[in-house]
(Lines give C-alpha, C1' and ligand atoms only; values in the text may rest on other atoms or scores of the structure.)
Protein backbone atom coordinates (compact mmCIF):
# COMPACT_ATOMS: atom_id res chain seq x y z
CA UNK A 1 0.00 0.00 0.00
CA UNK A 2 2.50 2.60 -1.07
CA UNK A 3 1.99 6.32 -0.83
CA UNK A 4 4.05 8.52 -3.15
CA UNK A 5 4.34 12.29 -2.80
CA UNK A 6 5.91 14.23 -5.68
CA UNK A 7 6.75 17.86 -4.95
CA UNK A 8 7.73 20.04 -7.89
CA UNK A 9 7.99 23.76 -8.48
CA UNK A 10 4.92 25.25 -10.14
CA UNK A 11 6.39 25.98 -13.57
CA UNK A 12 6.10 24.59 -17.07
CA UNK A 13 8.30 21.85 -18.50
CA UNK A 14 9.04 24.06 -21.53
CA UNK A 15 9.31 27.88 -21.77
CA UNK A 16 5.85 28.26 -23.34
CA UNK A 17 4.12 26.51 -20.46
CA UNK A 18 3.28 28.07 -17.11
CA UNK A 19 2.60 24.94 -15.14
CA UNK A 20 2.62 21.17 -15.16
CA UNK A 21 -0.11 19.93 -17.51
CA UNK A 22 -2.81 17.41 -16.67
CA UNK A 23 -1.24 15.02 -19.19
CA UNK A 24 2.15 15.31 -17.50
CA UNK A 25 0.56 14.68 -14.12
CA UNK A 26 -1.18 11.58 -15.50
CA UNK A 27 2.17 10.39 -16.87
CA UNK A 28 3.82 10.82 -13.46
CA UNK A 29 0.99 8.92 -11.74
CA UNK A 30 1.12 6.10 -14.30
CA UNK A 31 4.92 5.86 -14.28
CA UNK A 32 5.48 5.79 -10.56
CA UNK A 33 2.62 3.35 -9.93
CA UNK A 34 4.06 1.03 -12.60
CA UNK A 35 7.50 1.36 -11.00
CA UNK A 36 6.15 0.16 -7.65
CA UNK A 37 4.50 -2.78 -9.39
CA UNK A 38 7.70 -3.67 -11.26
CA UNK A 39 10.13 -3.28 -8.34
CA UNK A 40 8.06 -4.26 -5.29
CA UNK A 41 5.12 -6.21 -6.73
CA UNK A 42 2.66 -3.62 -5.39
CA UNK A 43 -0.70 -3.84 -7.21
CA UNK A 44 -1.59 -0.63 -9.08
CA UNK A 45 -4.80 -0.30 -7.06
CA UNK A 46 -2.83 -0.18 -3.81
CA UNK A 47 -0.71 2.85 -4.69
CA UNK A 48 -1.76 6.42 -3.92
CA UNK A 49 0.07 9.32 -5.57
CA UNK A 50 -0.13 12.97 -4.55
CA UNK A 51 1.49 15.70 -6.66
CA UNK A 52 2.22 18.97 -4.86
CA UNK A 53 3.05 22.02 -6.94
CA UNK A 54 5.09 24.51 -4.93
CA UNK A 55 5.22 28.20 -5.84
CA UNK A 56 8.68 29.24 -7.06
CA UNK A 57 9.14 31.71 -4.19
CA UNK A 58 8.35 28.95 -1.69
CA UNK A 59 11.17 26.67 -2.87
CA UNK A 60 14.73 27.26 -1.74
CA UNK A 61 18.10 25.78 -2.63
CA UNK A 62 21.63 27.00 -1.98
CA UNK A 63 20.27 29.35 0.67
CA UNK A 64 18.22 31.25 -1.93
CA UNK A 65 14.77 31.15 -3.53
CA UNK A 66 15.10 28.87 -6.55
CA UNK A 67 14.87 31.60 -9.21
CA UNK A 68 17.65 33.64 -7.58
CA UNK A 69 19.71 30.45 -7.28
CA UNK A 70 19.30 29.61 -10.97
CA UNK A 71 20.29 33.13 -12.03
CA UNK A 72 23.42 32.89 -9.88
CA UNK A 73 24.35 29.50 -11.36
CA UNK A 74 23.72 30.75 -14.93
CA UNK A 75 26.22 33.56 -14.57
CA UNK B 1 2.55 16.83 21.10
CA UNK B 2 0.94 15.15 18.15
CA UNK B 3 0.86 16.50 14.63
CA UNK B 4 -1.89 15.24 12.33
CA UNK B 5 -1.96 15.83 8.57
CA UNK B 6 -5.18 15.03 6.72
CA UNK B 7 -4.93 15.02 2.92
CA UNK B 8 -8.18 14.87 0.96
CA UNK B 9 -9.15 15.56 -2.61
CA UNK B 10 -10.61 19.02 -3.16
CA UNK B 11 -14.23 18.08 -3.77
CA UNK B 12 -17.49 18.35 -1.92
CA UNK B 13 -18.87 15.70 0.41
CA UNK B 14 -22.16 15.79 -1.53
CA UNK B 15 -22.82 16.43 -5.26
CA UNK B 16 -24.03 19.99 -4.64
CA UNK B 17 -20.81 21.01 -2.93
CA UNK B 18 -17.56 21.89 -4.63
CA UNK B 19 -15.23 21.65 -1.67
CA UNK B 20 -14.87 20.71 1.96
CA UNK B 21 -16.75 23.26 4.07
CA UNK B 22 -15.35 25.19 7.02
CA UNK B 23 -17.78 23.34 9.29
CA UNK B 24 -16.54 19.97 8.01
CA UNK B 25 -12.94 21.06 8.57
CA UNK B 26 -13.80 22.11 12.13
CA UNK B 27 -15.42 18.71 12.69
CA UNK B 28 -12.28 16.92 11.46
CA UNK B 29 -10.06 19.05 13.73
CA UNK B 30 -12.32 18.48 16.75
CA UNK B 31 -12.71 14.76 16.10
CA UNK B 32 -9.09 13.86 15.57
CA UNK B 33 -7.91 15.98 18.51
CA UNK B 34 -10.46 14.27 20.75
CA UNK B 35 -9.30 10.87 19.44
CA UNK B 36 -5.72 11.60 20.49
CA UNK B 37 -6.96 12.63 23.93
CA UNK B 38 -9.08 9.50 24.30
CA UNK B 39 -6.52 6.99 23.00
CA UNK B 40 -3.15 8.47 24.04
CA UNK B 41 -4.03 11.00 26.78
CA UNK B 42 -2.71 13.87 24.66
CA UNK B 43 -4.09 17.23 25.87
CA UNK B 44 -6.17 19.02 23.21
CA UNK B 45 -3.84 22.03 23.34
CA UNK B 46 -0.87 19.88 22.38
CA UNK B 47 -2.29 18.62 19.08
CA UNK B 48 -1.77 20.43 15.78
CA UNK B 49 -3.90 19.48 12.77
CA UNK B 50 -3.24 20.46 9.16
CA UNK B 51 -5.79 19.74 6.42
CA UNK B 52 -4.45 19.66 2.88
CA UNK B 53 -6.90 19.78 -0.01
CA UNK B 54 -5.39 18.22 -3.12
CA UNK B 55 -6.67 19.07 -6.62
CA UNK B 56 -8.38 16.09 -8.27
CA UNK B 57 -5.86 15.98 -11.11
CA UNK B 58 -3.01 15.86 -8.57
CA UNK B 59 -4.26 12.69 -6.88
CA UNK B 60 -3.62 9.29 -8.40
CA UNK B 61 -4.74 5.76 -7.63
CA UNK B 62 -4.61 2.59 -9.69
CA UNK B 63 -2.09 4.24 -11.98
CA UNK B 64 -4.63 6.89 -13.03
CA UNK B 65 -5.79 10.34 -11.94
CA UNK B 66 -8.58 9.75 -9.44
CA UNK B 67 -11.46 10.83 -11.70
CA UNK B 68 -10.36 8.52 -14.51
CA UNK B 69 -9.98 5.74 -11.93
CA UNK B 70 -13.50 6.25 -10.56
CA UNK B 71 -15.01 6.22 -14.06
CA UNK B 72 -13.22 2.96 -14.82
CA UNK B 73 -14.46 1.38 -11.58
CA UNK B 74 -18.02 2.60 -12.18
CA UNK B 75 -18.27 0.82 -15.52
CA UNK C 1 -9.21 8.85 -0.96
CA UNK C 2 -7.90 10.44 2.19
CA UNK C 3 -4.42 10.01 3.57
CA UNK C 4 -3.87 10.67 7.26
CA UNK C 5 -0.45 10.99 8.89
CA UNK C 6 -0.30 10.96 12.69
CA UNK C 7 3.05 11.94 14.20
CA UNK C 8 3.53 11.35 17.92
CA UNK C 9 6.50 11.19 20.23
CA UNK C 10 7.71 7.66 20.90
CA UNK C 11 6.59 7.32 24.51
CA UNK C 12 3.93 5.45 26.42
CA UNK C 13 0.47 6.80 27.17
CA UNK C 14 0.98 5.95 30.86
CA UNK C 15 4.19 5.97 32.96
CA UNK C 16 4.53 2.17 32.87
CA UNK C 17 4.59 2.05 29.08
CA UNK C 18 7.55 2.84 26.87
CA UNK C 19 5.76 3.26 23.58
CA UNK C 20 2.42 3.40 21.85
CA UNK C 21 0.87 -0.07 21.92
CA UNK C 22 -0.46 -1.99 18.91
CA UNK C 23 -3.96 -1.74 20.41
CA UNK C 24 -3.64 2.04 20.71
CA UNK C 25 -2.44 2.26 17.11
CA UNK C 26 -5.41 0.17 15.97
CA UNK C 27 -7.72 2.50 17.90
CA UNK C 28 -6.21 5.55 16.19
CA UNK C 29 -6.58 3.92 12.75
CA UNK C 30 -10.18 2.91 13.45
CA UNK C 31 -11.14 6.26 14.95
CA UNK C 32 -9.72 8.53 12.28
CA UNK C 33 -11.05 6.36 9.42
CA UNK C 34 -14.52 6.45 11.01
CA UNK C 35 -14.22 10.24 11.40
CA UNK C 36 -13.59 10.65 7.67
CA UNK C 37 -16.58 8.46 6.93
CA UNK C 38 -18.81 10.43 9.32
CA UNK C 39 -17.72 13.93 8.29
CA UNK C 40 -16.87 13.59 4.59
CA UNK C 41 -18.60 10.36 3.52
CA UNK C 42 -15.25 8.76 2.66
CA UNK C 43 -15.55 4.94 2.50
CA UNK C 44 -13.35 3.18 5.10
CA UNK C 45 -11.53 1.29 2.32
CA UNK C 46 -10.43 4.56 0.71
CA UNK C 47 -8.57 5.92 3.73
CA UNK C 48 -4.88 5.25 4.36
CA UNK C 49 -3.41 6.00 7.79
CA UNK C 50 0.30 6.21 8.63
CA UNK C 51 1.47 6.56 12.24
CA UNK C 52 4.97 7.95 12.71
CA UNK C 53 6.61 7.63 16.10
CA UNK C 54 9.25 10.30 16.59
CA UNK C 55 12.11 9.87 19.08
CA UNK C 56 11.81 12.29 22.00
CA UNK C 57 15.13 13.99 21.16
CA UNK C 58 13.91 14.55 17.58
CA UNK C 59 10.84 16.55 18.64
CA UNK C 60 11.12 20.21 19.55
CA UNK C 61 8.76 22.79 20.98
CA UNK C 62 9.41 26.17 22.57
CA UNK C 63 12.90 26.15 21.05
CA UNK C 64 13.87 23.08 23.09
CA UNK C 65 13.78 19.29 22.79
CA UNK C 66 10.41 18.23 24.18
CA UNK C 67 11.73 16.70 27.43
CA UNK C 68 13.67 19.85 28.31
CA UNK C 69 10.56 21.89 27.46
CA UNK C 70 8.34 19.82 29.74
CA UNK C 71 10.79 20.10 32.64
CA UNK C 72 10.88 23.86 32.21
CA UNK C 73 7.07 24.10 32.16
CA UNK C 74 6.77 21.83 35.21
CA UNK C 75 8.88 24.12 37.36
CA UNK D 1 21.38 16.56 1.61
CA UNK D 2 18.83 17.98 3.97
CA UNK D 3 15.24 18.68 3.13
CA UNK D 4 13.39 21.24 5.26
CA UNK D 5 9.63 21.78 5.18
CA UNK D 6 8.25 24.87 6.92
CA UNK D 7 4.48 24.95 7.34
CA UNK D 8 2.92 28.22 8.47
CA UNK D 9 -0.57 29.64 8.48
CA UNK D 10 -1.29 31.93 5.52
CA UNK D 11 -1.37 35.26 7.34
CA UNK D 12 0.81 38.32 7.61
CA UNK D 13 3.54 38.83 10.20
CA UNK D 14 2.00 42.21 11.08
CA UNK D 15 -1.68 43.31 11.07
CA UNK D 16 -1.30 45.27 7.81
CA UNK D 17 -0.08 42.24 5.90
CA UNK D 18 -2.24 39.48 4.52
CA UNK D 19 0.44 36.90 3.87
CA UNK D 20 4.09 36.01 4.25
CA UNK D 21 6.13 38.26 1.94
CA UNK D 22 8.69 37.11 -0.61
CA UNK D 23 11.40 38.81 1.45
CA UNK D 24 10.34 36.92 4.58
CA UNK D 25 10.37 33.66 2.64
CA UNK D 26 13.87 34.42 1.36
CA UNK D 27 14.96 35.11 4.95
CA UNK D 28 13.56 31.77 6.12
CA UNK D 29 15.33 29.93 3.27
CA UNK D 30 18.62 31.69 3.96
CA UNK D 31 18.43 31.25 7.72
CA UNK D 32 17.57 27.58 7.83
CA UNK D 33 20.12 26.68 5.13
CA UNK D 34 22.81 28.54 7.10
CA UNK D 35 21.72 26.73 10.28
CA UNK D 36 22.27 23.34 8.62
CA UNK D 37 25.71 24.48 7.47
CA UNK D 38 26.62 25.75 10.95
CA UNK D 39 25.31 22.79 12.94
CA UNK D 40 25.79 19.81 10.61
CA UNK D 41 28.33 21.03 8.03
CA UNK D 42 25.81 20.61 5.22
CA UNK D 43 26.81 22.65 2.14
CA UNK D 44 24.25 25.33 1.22
CA UNK D 45 23.83 23.78 -2.24
CA UNK D 46 22.75 20.47 -0.71
CA UNK D 47 19.78 21.84 1.25
CA UNK D 48 16.26 22.06 -0.21
CA UNK D 49 13.63 24.17 1.57
CA UNK D 50 9.89 24.08 0.92
CA UNK D 51 7.55 26.60 2.54
CA UNK D 52 3.91 25.60 2.75
CA UNK D 53 1.32 28.24 3.57
CA UNK D 54 -1.76 26.70 5.11
CA UNK D 55 -5.15 28.44 5.03
CA UNK D 56 -6.27 29.52 8.50
CA UNK D 57 -9.39 27.31 8.39
CA UNK D 58 -7.18 24.31 7.53
CA UNK D 59 -5.05 24.61 10.67
CA UNK D 60 -6.26 23.30 13.98
CA UNK D 61 -5.04 23.48 17.56
CA UNK D 62 -6.76 22.78 20.85
CA UNK D 63 -9.47 20.93 18.97
CA UNK D 64 -10.50 24.11 17.13
CA UNK D 65 -9.64 25.97 13.92
CA UNK D 66 -6.78 28.30 14.82
CA UNK D 67 -8.79 31.55 14.70
CA UNK D 68 -11.45 30.19 17.04
CA UNK D 69 -8.66 28.92 19.32
CA UNK D 70 -6.96 32.34 19.45
CA UNK D 71 -10.23 34.09 20.26
CA UNK D 72 -10.86 31.65 23.10
CA UNK D 73 -7.34 32.17 24.50
CA UNK D 74 -7.63 35.97 24.21
CA UNK D 75 -10.71 36.08 26.41
CA UNK E 1 14.12 20.56 -8.15
CA UNK E 2 11.69 17.77 -7.39
CA UNK E 3 11.39 16.00 -4.07
CA UNK E 4 9.84 12.53 -4.06
CA UNK E 5 8.77 10.69 -0.92
CA UNK E 6 7.92 6.99 -1.25
CA UNK E 7 6.24 5.43 1.78
CA UNK E 8 5.91 1.65 1.84
CA UNK E 9 5.19 -0.92 4.50
CA UNK E 10 8.30 -2.54 5.93
CA UNK E 11 7.94 -6.00 4.40
CA UNK E 12 9.62 -8.01 1.67
CA UNK E 13 8.53 -8.07 -1.96
CA UNK E 14 8.47 -11.88 -1.83
CA UNK E 15 7.58 -14.22 1.07
CA UNK E 16 11.24 -15.10 1.77
CA UNK E 17 12.22 -11.47 2.30
CA UNK E 18 11.61 -9.45 5.44
CA UNK E 19 12.17 -6.00 4.04
CA UNK E 20 12.82 -3.94 0.95
CA UNK E 21 16.36 -4.69 -0.28
CA UNK E 22 19.04 -2.12 -1.05
CA UNK E 23 18.86 -3.15 -4.72
CA UNK E 24 15.10 -2.55 -4.78
CA UNK E 25 15.58 0.85 -3.15
CA UNK E 26 18.20 1.74 -5.76
CA UNK E 27 15.77 0.68 -8.50
CA UNK E 28 13.04 2.91 -7.05
CA UNK E 29 15.44 5.87 -6.84
CA UNK E 30 16.68 5.32 -10.41
CA UNK E 31 13.20 4.78 -11.85
CA UNK E 32 11.46 7.75 -10.30
CA UNK E 33 14.35 10.12 -11.06
CA UNK E 34 14.31 8.96 -14.70
CA UNK E 35 10.53 9.47 -14.78
CA UNK E 36 10.89 13.10 -13.73
CA UNK E 37 13.53 13.60 -16.42
CA UNK E 38 11.33 12.00 -19.09
CA UNK E 39 8.06 13.71 -18.16
CA UNK E 40 9.14 17.12 -16.84
CA UNK E 41 12.73 17.55 -18.13
CA UNK E 42 14.08 17.66 -14.57
CA UNK E 43 17.83 16.91 -14.51
CA UNK E 44 18.69 13.77 -12.50
CA UNK E 45 20.94 15.82 -10.18
CA UNK E 46 18.03 18.04 -9.19
CA UNK E 47 15.80 15.26 -7.85
CA UNK E 48 15.87 14.11 -4.22
CA UNK E 49 14.18 10.85 -3.26
CA UNK E 50 13.37 9.70 0.27
CA UNK E 51 12.07 6.19 0.94
CA UNK E 52 10.22 5.71 4.22
CA UNK E 53 9.56 2.19 5.44
CA UNK E 54 6.57 2.09 7.75
CA UNK E 55 6.08 -0.72 10.29
CA UNK E 56 3.10 -2.91 9.43
CA UNK E 57 1.28 -2.04 12.66
CA UNK E 58 1.69 1.69 11.87
CA UNK E 59 -0.14 1.46 8.52
CA UNK E 60 -3.90 1.42 8.37
CA UNK E 61 -6.45 0.90 5.64
CA UNK E 62 -10.16 0.12 5.78
CA UNK E 63 -10.20 1.22 9.41
CA UNK E 64 -7.79 -1.58 10.40
CA UNK E 65 -4.05 -2.20 10.68
CA UNK E 66 -2.96 -3.45 7.26
CA UNK E 67 -2.38 -7.08 8.29
CA UNK E 68 -5.85 -7.38 9.82
CA UNK E 69 -7.27 -5.75 6.69
CA UNK E 70 -5.54 -8.22 4.38
CA UNK E 71 -6.74 -11.20 6.42
CA UNK E 72 -10.31 -9.90 6.22
CA UNK E 73 -10.08 -9.41 2.46
CA UNK E 74 -8.52 -12.87 1.94
CA UNK E 75 -11.47 -14.59 3.57
CA UNK F 1 1.78 27.96 14.75
CA UNK F 2 4.57 26.80 12.51
CA UNK F 3 5.55 23.20 11.97
CA UNK F 4 9.07 22.50 10.75
CA UNK F 5 10.25 19.13 9.46
CA UNK F 6 13.99 18.63 8.98
CA UNK F 7 15.00 15.50 7.08
CA UNK F 8 18.68 14.57 7.08
CA UNK F 9 20.63 11.46 6.25
CA UNK F 10 21.52 9.38 9.30
CA UNK F 11 25.26 10.05 9.42
CA UNK F 12 27.64 12.02 11.59
CA UNK F 13 28.64 15.63 10.99
CA UNK F 14 32.31 14.59 11.22
CA UNK F 15 34.00 11.29 10.19
CA UNK F 16 34.25 10.05 13.80
CA UNK F 17 30.53 10.33 14.38
CA UNK F 18 27.92 7.86 13.20
CA UNK F 19 24.84 9.98 13.64
CA UNK F 20 23.50 13.38 14.50
CA UNK F 21 24.10 14.03 18.21
CA UNK F 22 21.48 15.13 20.74
CA UNK F 23 23.33 18.44 21.11
CA UNK F 24 23.21 19.03 17.35
CA UNK F 25 19.50 18.23 17.32
CA UNK F 26 18.92 20.70 20.17
CA UNK F 27 20.86 23.33 18.20
CA UNK F 28 18.68 22.74 15.12
CA UNK F 29 15.49 23.01 17.21
CA UNK F 30 16.70 26.19 18.92
CA UNK F 31 17.95 27.79 15.71
CA UNK F 32 14.93 27.21 13.54
CA UNK F 33 12.48 28.22 16.29
CA UNK F 34 14.43 31.45 16.80
CA UNK F 35 14.41 32.03 13.02
CA UNK F 36 10.61 31.86 12.94
CA UNK F 37 10.43 34.30 15.84
CA UNK F 38 12.85 36.71 14.14
CA UNK F 39 11.35 36.57 10.64
CA UNK F 40 7.64 36.00 11.25
CA UNK F 41 7.10 37.00 14.90
CA UNK F 42 6.04 33.45 15.78
CA UNK F 43 6.31 32.83 19.55
CA UNK F 44 8.79 30.06 20.42
CA UNK F 45 6.02 28.11 22.18
CA UNK F 46 3.98 27.97 18.97
CA UNK F 47 6.62 26.22 16.85
CA UNK F 48 6.89 22.44 16.58
CA UNK F 49 10.02 20.89 15.09
CA UNK F 50 10.41 17.29 13.94
CA UNK F 51 13.80 15.91 12.88
CA UNK F 52 13.71 12.82 10.69
CA UNK F 53 16.92 10.86 10.19
CA UNK F 54 16.82 8.91 6.95
CA UNK F 55 19.01 5.83 6.38
CA UNK F 56 21.68 6.44 3.74
CA UNK F 57 20.30 3.72 1.47
CA UNK F 58 16.84 5.34 1.65
CA UNK F 59 18.04 8.69 0.28
CA UNK F 60 18.55 9.21 -3.43
CA UNK F 61 19.97 11.99 -5.56
CA UNK F 62 21.12 12.05 -9.18
CA UNK F 63 19.22 8.81 -9.77
CA UNK F 64 21.44 6.94 -7.27
CA UNK F 65 21.54 6.14 -3.56
CA UNK F 66 23.40 9.01 -1.93
CA UNK F 67 26.62 7.10 -1.17
CA UNK F 68 26.96 5.89 -4.77
CA UNK F 69 26.26 9.46 -5.93
CA UNK F 70 28.98 10.92 -3.69
CA UNK F 71 31.54 8.36 -4.89
CA UNK F 72 30.71 9.22 -8.50
CA UNK F 73 31.09 12.95 -7.82
CA UNK F 74 34.37 12.44 -5.93
CA UNK F 75 36.01 10.75 -8.91
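Observations
So that you can tell them apart, the chains are marked A, B, C, D, E and F in the order they are listed, and the count of residues begins at 1 in each.
One rule holds for everything that comes next: a residue touches a chain if its C-beta (ideal position, glycine included) is under 8 Å from a C-beta of that chain, and two chains touch if they have at least 3 such contacts.
This structure is a prediction, so every number in the text was calculated from the model and none was measured.
Touching chain C and chain F together: B, E. Across E-F and D-F, the chain pair carrying more C-beta contacts is D-F. Comparing contact pairs by residue number, the interface of C-E is reproduced by C-F among D-E, D-F or C-F, since over half of the pairs coincide. The rotation relating chain C to chain D, fitted on Cα atoms, amounts to 180°, rounded to the nearest 5.
With each centre defined as the average position of its C-alpha atoms, the distance from chain A to chain C rounds to 28 Å.
Chain A and chain E, compared by their mean Cα positions, are separated by 16 Å. Taking each chain's centre as the mean of its C-alpha atoms, chain A lies 22 Å from chain B.
Multi-chain contact residues, meaning those touching two or more other chains, occur in chain B at positions 1, 3, 7, 28, 48, 50, 59, 61.
Pairwise, the chains that make contact are A-B, A-C, A-D, A-E, B-C, B-D, B-F, C-E, C-F, D-E, D-F, E-F.
On the side of chain D, the complex with chain B involves touching residues 7, 54, 57-65, 68.
On the chain A side of its complex with chain E, the touching residues are 1-9, 13-14, 20, 24, 27-28, 31-32, 35-36, 38-42, 59, 61, 66.
Residue ranges of chain D in contact with chain E, taken from their complex: 1, 3, 48, 50. The part of chain D that touches chain A in the complex is made up of residues 22, 25-26, 28-30, 33-34, 44-45, 47-53.
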